[in-house]
Structures are given as structure tokens and as C-alpha cells.
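Across the two complexes that follow, subunit A remains constant while its partner is subunit B and subsequently subunit C.
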Partner chain A sequence: MSEKELGQKWDRCLADCAVKFGTGLGLGIVFSVVFFKRRTWPIVFGTGLGLGMAYSNCQNDLRSRYVLHSKVAKEQ
Partner chain B sequence: MLRVCWKGAHAAALTLVWCVCGRKKPTVKCILNMVFLFCRSNAGKIVAASLLTVGGGLGSTILYAKWDPKFRANIEKSVPYSDQLFEMALGPPPPPLVPLQKKPGKIEPLQISSLSEASKESKQPKAKAKKSDPAPVEAPPAVEEMCNSCTSQFVCVCVGEESKDHHEPALKERPAEEVSARLAQQDKVEQDALAALTAGLEESLGSSAKTTLQAIGAQEAVLTAIATHTNKLKEAMDSQTPPDEKSTQWKALNEALSDRTRAMEEAEEALLKAKGELEILRGVINSAKQSKIDAARPQILAAEENLHSMIVDLDKVVTKVQTAQTEAKIMSQYSELVNEAKAQFQQELANITPEIQANWKGLSGKLSADDLNSLIAHAHRRIDQLNRELAEQRVREQIHIEVALEQQKLEDQKALERAVASALEHRREDMRLEQEKKVQEVREVMEAEMRTQLRRQAAAHTDHLRDVLKVQEQELHEEAQEIMNSKMMEQETHYRRLTQEQLDTFTLDMNAAYARLKGIEEAIDSHVIAEEEARKAHQLWLSVEALNYTLKSAGADSPTEPLEGAVGVIKENCAENEFAQALASALPEESLSRGIYGEASLRARFYDIRRLARRVALIDETRNSLYQYFLSYLQSILLFEREQVAPPAKLAPEDLDTFRLLAYATYSIERGDLELAAKFVNQLRGASQRVAQDWLKEARLTLETKQVISLLLAYANAVGLGTTQAP
Partner chain C sequence: MAAKILPVVKFATKFTIAGGALYVAYDSGLLGDGKEGSVVLGRAKAAFPPAVEEWMKYFSFELPATPKIEFSPLDAWNSVFHSGVQKSIHALSVAPSTVSDYTKQGLQYVKDLTK
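This part shows the complex of A and B:
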């Protein structure tokens, strides 16, 4: 159903966001712990990275309908 | 009033609260206090007064209803549940009065019968029966008595009829049996009377005969007594007998005299008795004559004859006695004269010879010469005297004789007259009796003759009747024969006419029937065709209905059954119907294969669509970032508008706003107009459009299918209507 599409997109979006957030957080923590002597900025960075990616994905997903797919016509 | 009520309620509530708050159960004291408080207030007074009035009205109504049942019935009719109240208070209503019988004459027997039924005694009916029985019994004897007083039967019948007239207005001839019965009864009664009469007559005859005989016997005894007396007297007069026997003779004479006197007295008595008896007999005979019974006449006559003969005998004997008495008188006169002469002689002798006793016995022995001489002289003197007397007597003989003759004549005349009178009487009686006898005989003869004449007349009458009847029979027979013949002729002609008519009608009917048959056959043929058409239309209609029905199989969220089957059926059944075929093939594929959603599910779905559409209202090709999504959401939350707005007739460009469109669509869909809603939804743009895409498709499918089906239905109905024959 077309009306479910949006919902599905949002689900995906949120799931993606949660995953990326978690991953970002995790990597941040790892990096913070491993490489940056337990500073907070890698956690935050990683989380932000994750969230940003998620946002971007989400947006792209939601936009996917209206995006014009162009092809470069091969010169013959 | 309301305020009063409110105040009262308030007061009651307050007191209740006070009671309750006092943490006691509502005791009597508490309630009384409440009432007291209640009553103290003005409101309480008014309420109490109104309660009293209502209660008083109710009580008085109930009392009056108890007294007057009509009032009670009225109230029960007008007020709905009053009958229950009344029943509770007063008991069941009294039964309605039965209207009195307006026939007072019938009440008596009704009461009596009811009484008898109630008391279960048979006295009353018996008494009634007894009372009724003597009444009819009394009537006939009265009638019969009246009948008995008549001489002839006809008079009796007339009287009977007259008496009947009193009872009945119309005169009816009595049946023969009744008449004969009546006659028999009359005869019987006559016989009884006759018997009684004869008995009476015989009795009186017997008694009178006895007394008459007794009288006659007495009279004859008197006769003999007189005769003996006279003889004795004669003998006594005769001085031939010696003196010794004279005394015996005189004694016997005295005896005879006493006998005679006694006999005479007895005879007198007997005569009186006999006369009395004869008078009685005469009275009986007269009463018998007055009773006027024919059969008794000879007996009456015989009794009269007997009476007459008895009277005659009695008179004869009485005359005999009288003659004997006269003779005896003569004899006694003679004896008296002789005694007188003797006494005179004795007296003379006594004068002459006073010392001589006046006894004949002493006379003959004790006489002296002087006495004898004086006696002889006296005797001579006496003889001279007697001679002188004799001469005188001779001289006066004639005169004496004449005088005696005259006397005798007179006496004879008297006797003659008496005899004549009595003889006349007797003759008259005899004549009368003879006349009566003759009359009786003549009457009998006449009766016999009349009877024979009547018999003859009756015979003649019967003969005449027979003849007349024969003649009448003949005439009637002929008449009847004629009538029968004419009627037969009539019937014949009638019959012929009828048969002819029948034949004509039959031929007509046959022709008509044949024509009708032909018509019927044609009609049937056309009917068959029409029925065929109707059947086809019916089938079409059924299949279309089936198709329509399958639409109903839509669940809440699930689609209907695939319409393939039903459409296939239509295609099968209506192979020759092009329109139906075209329509059937016009159905969209999706509906055939998958089925369509019902309107309700579409409606429900629409609200989801609506929500989503509102949420993504700002998103379109140009604006589709996440921020825009957020803004769109915000807008949908913050924008308050009416859910349903009636769509205008024409759409203006500003109506093409998502929210407006959605409002219009909601309105339409709420009103059940899916088509219009779909139209509005179709106008959505951007993300809203994409969101509503599927719904729109479904709606389109549904609408299409429905349209086709409705077309088919209409067509089927039209065809069906066309083929249906109007009754």
C-alpha cells in the first residue's frame, strides 16, 4: 500500500538511525578508549557521525521518489 | 409550590443528615423529631395539608365506590389502575344486574319452578298439577249436566255447542266418536235416571199397595165387624131366644160393637195411611212425569193405573163400608126404637106395677092376679093405642112413604151424585190413562216410523252422495285429464323448444370454444415465448444479483471474492445478450481476479490516508528534505481546521489546498459519495498524492465495478420488467 510506504521508510530510517547511532557511539567509545585516552570528543564525534549518516540516509530514502535519475547518453 | 417542596426536601435532608451524623440508626425518636421539625416549618404544614387532602379524597372515593357500584364502574373506566386499587380495598365488583322480566304473568311459574328445583320437592308441581286437573274435570261435568237436562240429542249438541262457543270462537263439528260417546253417556245417564225412577216408583207403589191392601183389609174387617154386629143385634132383637143366652148375646153384642168400633178406628187409620201413601205415589208419579224420560212412560202409566185401581178399590171398599154403616145405622135405629119401645113399655109397666123390678127375668114368675089384670089392661090399652097408631100410620102411610121416598130420593140422589161423581172421576181417570196409553203407543209407533224414515233418508242420502260423488269424480277426472293433456302438450313444445335451443347454443358454444381454443393456443405459444424471455431475463437478473451479492462478501479489511465466477456465470447464461456480454467484459481485471474492497474498508482506510496526507502535505518534488518533513508534521499538528467541509459546486484554485481537499473528501466520504471523494483525492499533489495512490486505485476499481454491476442490474431489471406480464 502506498500509505504504508512512508511508514516503512520511517521504520527503516529509525532502525538505521539506531544502528548508526549505536555503531557510532561504540566506535567512538572504542576510539576514545583506544586512541584518544578516554576523551569524550571521539564518542561525541562518532555518535554525531552516526546520526548524521542516519539522517542523510533517511533523507535520501524519503527523497528517493523525487530524485531524477539521469543518464549520460553515450555518444554514439 | 416548587420552592415549598424544595424547602421541605431540604429540611428533610438536613434532619436526615443530622440523624445520620449523630451516628445513630434512624430511630423512632429520630424520625419523630424529623417529622416535628418538618411540621414546624411552613413548608411542612403545607405539605401535610396537601397530603391530608389527597388522602381524604382517595378515602372518600373508595367509600362512595363501595356504596355506589355505578360510580365505581365509572371510575374504573376512566382512571387506569383504579380497578386494581378498588379490588384491593373493596373486593371484587358486584355482578351487573340482569334486566327484570317484563312479564309478570310468567314470574309465578318461574318462581315456582325455581323453588321446586331449589327445594327438590315435588309438592309444588304436584299441587299445581292437581290444581290444573280439577279445573278441566269440572268443566265437562257441567257441560254434561247441561246436556242431561235436554231431551233430544240435537238439543244437547246445540247446548254443548253453545257452551263451546263460550270457550272457543269458532264452531267445530264434533267428531263422530265424541258424539257417540256423548250419546252413550246420555243414554247411560238416562238409564240410570230411569232405573232410579223405576226403583222409586216401584218402592212407592209397593208401599202404597201394601198400605192400600191393609186399608182394604181393614175396611173389610170393618165390614165383617159391622155385619157380625148387625147380625148379633138382629139376633139380640129377636126375642125368640131364652133369657140366659140373652145376656151372652148382649155381651157378644157389646164385644161385637167394640170390635166394630175398633175395626172402624183401625180402618180409619189404615185409610188415612193408604191415602197418604197414595198421595206420595201420586207425587212420585208427577215428578217422574216431569223428569220427561220417554222410556219410563209405560212404567209411569202402569204406576198410574195401579194408583187408579187402588184408589178405585179403596173407594169401593169405603162405599161398601158406608152402605154397611147405613145399614148398621138402620139396624141400630131399629134396635134403638125397639129398645125405646121396650124401655117405654117397661116404664109403663113400672108405672103400673112399681114394685116389680124392671127385669124381664123376674117378671114372668112373680106376678100376681092384680098385676096380671093391670098388665092385661095395660096391654089392651097398649093394643088400642097401637091400633090407633097403626090406623094413623096407615093414614099417614102414604105421606110417610112419600116423605120417606123423598128422603130416600134425596139420599139416593146424593148417593147417586156421589157415585156418579166418583164414577165420573174414575172414568175420567180411565180415559186419561187410556189416552196416555194411546199417546204412548202412538208415540212409540211414531218414533219407530221416524226412525225408519230417518234410516231411509240416511240411506237415500248416502246413495245420493255416492251418485254425486261418482258424478263429481267423473267430472274431475275428465278435467284432470284435459289439464294433463294440455300440460303435456305444453311440456312437449317446451321440451322441443329447449332441445332446439340447446342444440343451437351447443353449436354456438362449440364454435366459440373452438375459436377460444385457437386463441388459447396462440396465447400459450406467445406465453411460452414470453416465458422463455422471462426465464432468460430472470436468469440474467439472478446472475447479476449473484454478482451483486458477491460484492457483499467484502470483509472489514479483506477484499471480496474474485468476481470471476459470477461474471463467468453471466457470460454463460446470457450468451445471446450482447449488451450483457459487453458489460460483463467491461469489468476491470483486478476485480475479476482479486475482487474489490468494500466501501466501509475504503472509508476506514481513507482516514489513515487522510492523516498521512496531512502529515506530508508540504512535501513535493521541490521540498522533500527531512527538515521539510518535520515542518510538515508541525504544520499538520498545529493547523486546526474543520474535518468536514461541504465541497462547492465549482472548484476554485484556492480549493486545491491539500487540507481543503481532504476536508471535502472527508465530507463526501462521510456522506457515502465515494466517487466525489475519489475525485478530490485525485487532486492531491506531491507526497500526499503518492500516499493516496493505492487507495485511489482501489477506489477507482470499486467504483468501476460497481458502475458496471449497477448497469448490468439496471439492464436486467429493465429486461425483467419488459418481460413480466402485467396481471
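This part shows the complex of A and C:
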């Protein structure tokens, strides 16, 4: 992986982190207000979910170069 | 009869609101891949100033013009000359000698006080 590609992947990771953090926060607030009587824990849970999704995406993206691909030959 | 239906209606409304929010998030690609996330962020950044302007017109409320700052944190950290990376590593490399100098100065100052 070239340095330029790595830098782009990290930039994508940070952008994705921001997006997922905001989404998790927003959805957590919605669920907290609608279902859970404005408690704090759904907000924290949603934010954590968002950050976890971002981490998982980052991990997948950075590892994608080294994943082995194979094709199964069709029997003739 | 109405008293029995009301809790069901309330729950259905809540479920619709929460489910709708979740669906909107899923549909606009907010919950997807890293690539989709950065695309959505770009779109939001592009859509933000016109939306603010429209709201300002609607409420006839003038926000003070945001000062244009020419500073980019990303460039400052990554740039080729005097980058943040270089400065941080240089600071780390001179840290032991700087600390020993300051310690000597401090000890000298204390000695002078006790003379």
C-alpha cells in the first residue's frame, strides 16, 4: 500500500468516524426522547454504537489490501 | 373503547417516529461503509451554507459574517516544511537535554536562595 493510499484511507476513516458519531448521537437522542423518558444511557449507547461501527469500518478498510481472494473452479 | 386504543396509538406513533429516523439514517448511507460516510460528509458540507442562508432569510436574522481563517489543521500537521509531525518528534528528541538543563537551572536557583 503506497503512502498516498494509506493517507487517503486514514482521511476516510476520520470522516467516517465523524459521520457515525453524529448519527449515533442523533439516533440515541431520538430513541431516548421517544422510548426511554429522556434518560442518558440511550444517547451514550448510540454514540458508542456509532464509534464502534466506524472502528470496524476502518479496520476493514485498512486490512482490505491483505485479504486473500480465491475463486472456486467450476467442475466441467 | 378509546381508552384501550390510545396506548396502542401512542406506541405506534413512537415506533413510527423512531423507525422513520432509523430508516432515514440507513437510506442516506450514514450507517454504511467508510467510503459512503465520507461521501455523505462531503454532501452535508456542501449543503450547509445554502441551508443556513435560507433559514436566515426566513427569520430575517443576520448572522455576522464568519471570518475567513486561512489556517488548515491538516496542512499544518502534514505539510512538508515545519510540519506538526516534525515539530513533535524534534521536541521529543531534545526533551532529555532540555529537562536536564531546566533541572540544573532550578537547582542553581535553589542554591542561590540558600546562600
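To be clear about the criterion, the second predicted complex is superposed on the first by the 68 of 76 C-alpha atoms of A that agree within 3 Å, B and C clash if a C-alpha of one lies under 4 Å from a C-alpha of the other, contacts with A are read in each partner's own complex, and residues count from 1 in each chain.
Just so it is clear, a contact is a pair of C-beta atoms (placed from the backbone, for glycine too) under 8 Å apart; a residue touches a chain by one contact, two chains touch by 3 or more.
Everything numeric in this text was worked out from a predicted model, so none of it was measured.
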{"item": "Clash or fit, subunit B versus subunit C on superposed subunit A", "value": "fit"}
{"item": "Subunit B versus subunit C as contact partner of A:Val19, first or second or both or neither", "value": "second"}
{"item": "Partner chain(s) touched by A:Met1 [first = subunit B, second = subunit C, both, neither]", "value": "first"}
{"item": "Contacts of A:Phe35 with subunit B and subunit C, given as first, second, both or neither", "value": "second"}
{"item": "Touched partner set for A:Tyr66, first subunit B, second subunit C, both or neither", "value": "first"}
{"item": "Superposed model, angle subtended at subunit A by subunit C and subunit B (C-alpha, nearest 10 degrees)", "value": "50"}
{"item": "Partner chain in contact with A:Phe45 - subunit B first, subunit C second, else both or neither", "value": "neither"}
{"item": "Partner chain(s) touched by A:Leu27 [first = subunit B, second = subunit C, both, neither]", "value": "second"}
{"item": "Dominant toucher of subunit A (residue count), subunit B or subunit C", "value": "C"}
{"item": "First, second, both or neither for A:Cys58, with subunit B first and subunit C second", "value": "both"}
{"item": "Nearest-approach distance, in Å, of subunit C Cα atoms to those of subunit B in the combined model", "value": "7"}
{"item": "Doubly contacted residues of subunit A, that is, touched by subunit B and again by subunit C", "value": "58"}
{"item": "Partner subunit B, residues of subunit A touching it in the complex", "value": "1-3, 5-6, 55, 58-59, 62-63, 65-66"}
{"item": "Subunit C residues within the subunit A interface of the complex", "value": "14, 17-18, 21-22, 25, 30-31, 33-35, 37-38, 40-41, 78"}
{"item": "Contact footprint of subunit C on subunit A as seen in their complex", "value": "7, 11-13, 15-16, 18-20, 23, 26-27, 30-31, 34-35, 53-54, 57-58, 60-61"}
{"item": "List of subunit B residues in touch with subunit A within their complex", "value": "605, 608-609, 612, 616, 619-621, 624-626, 629, 687, 690-695"}
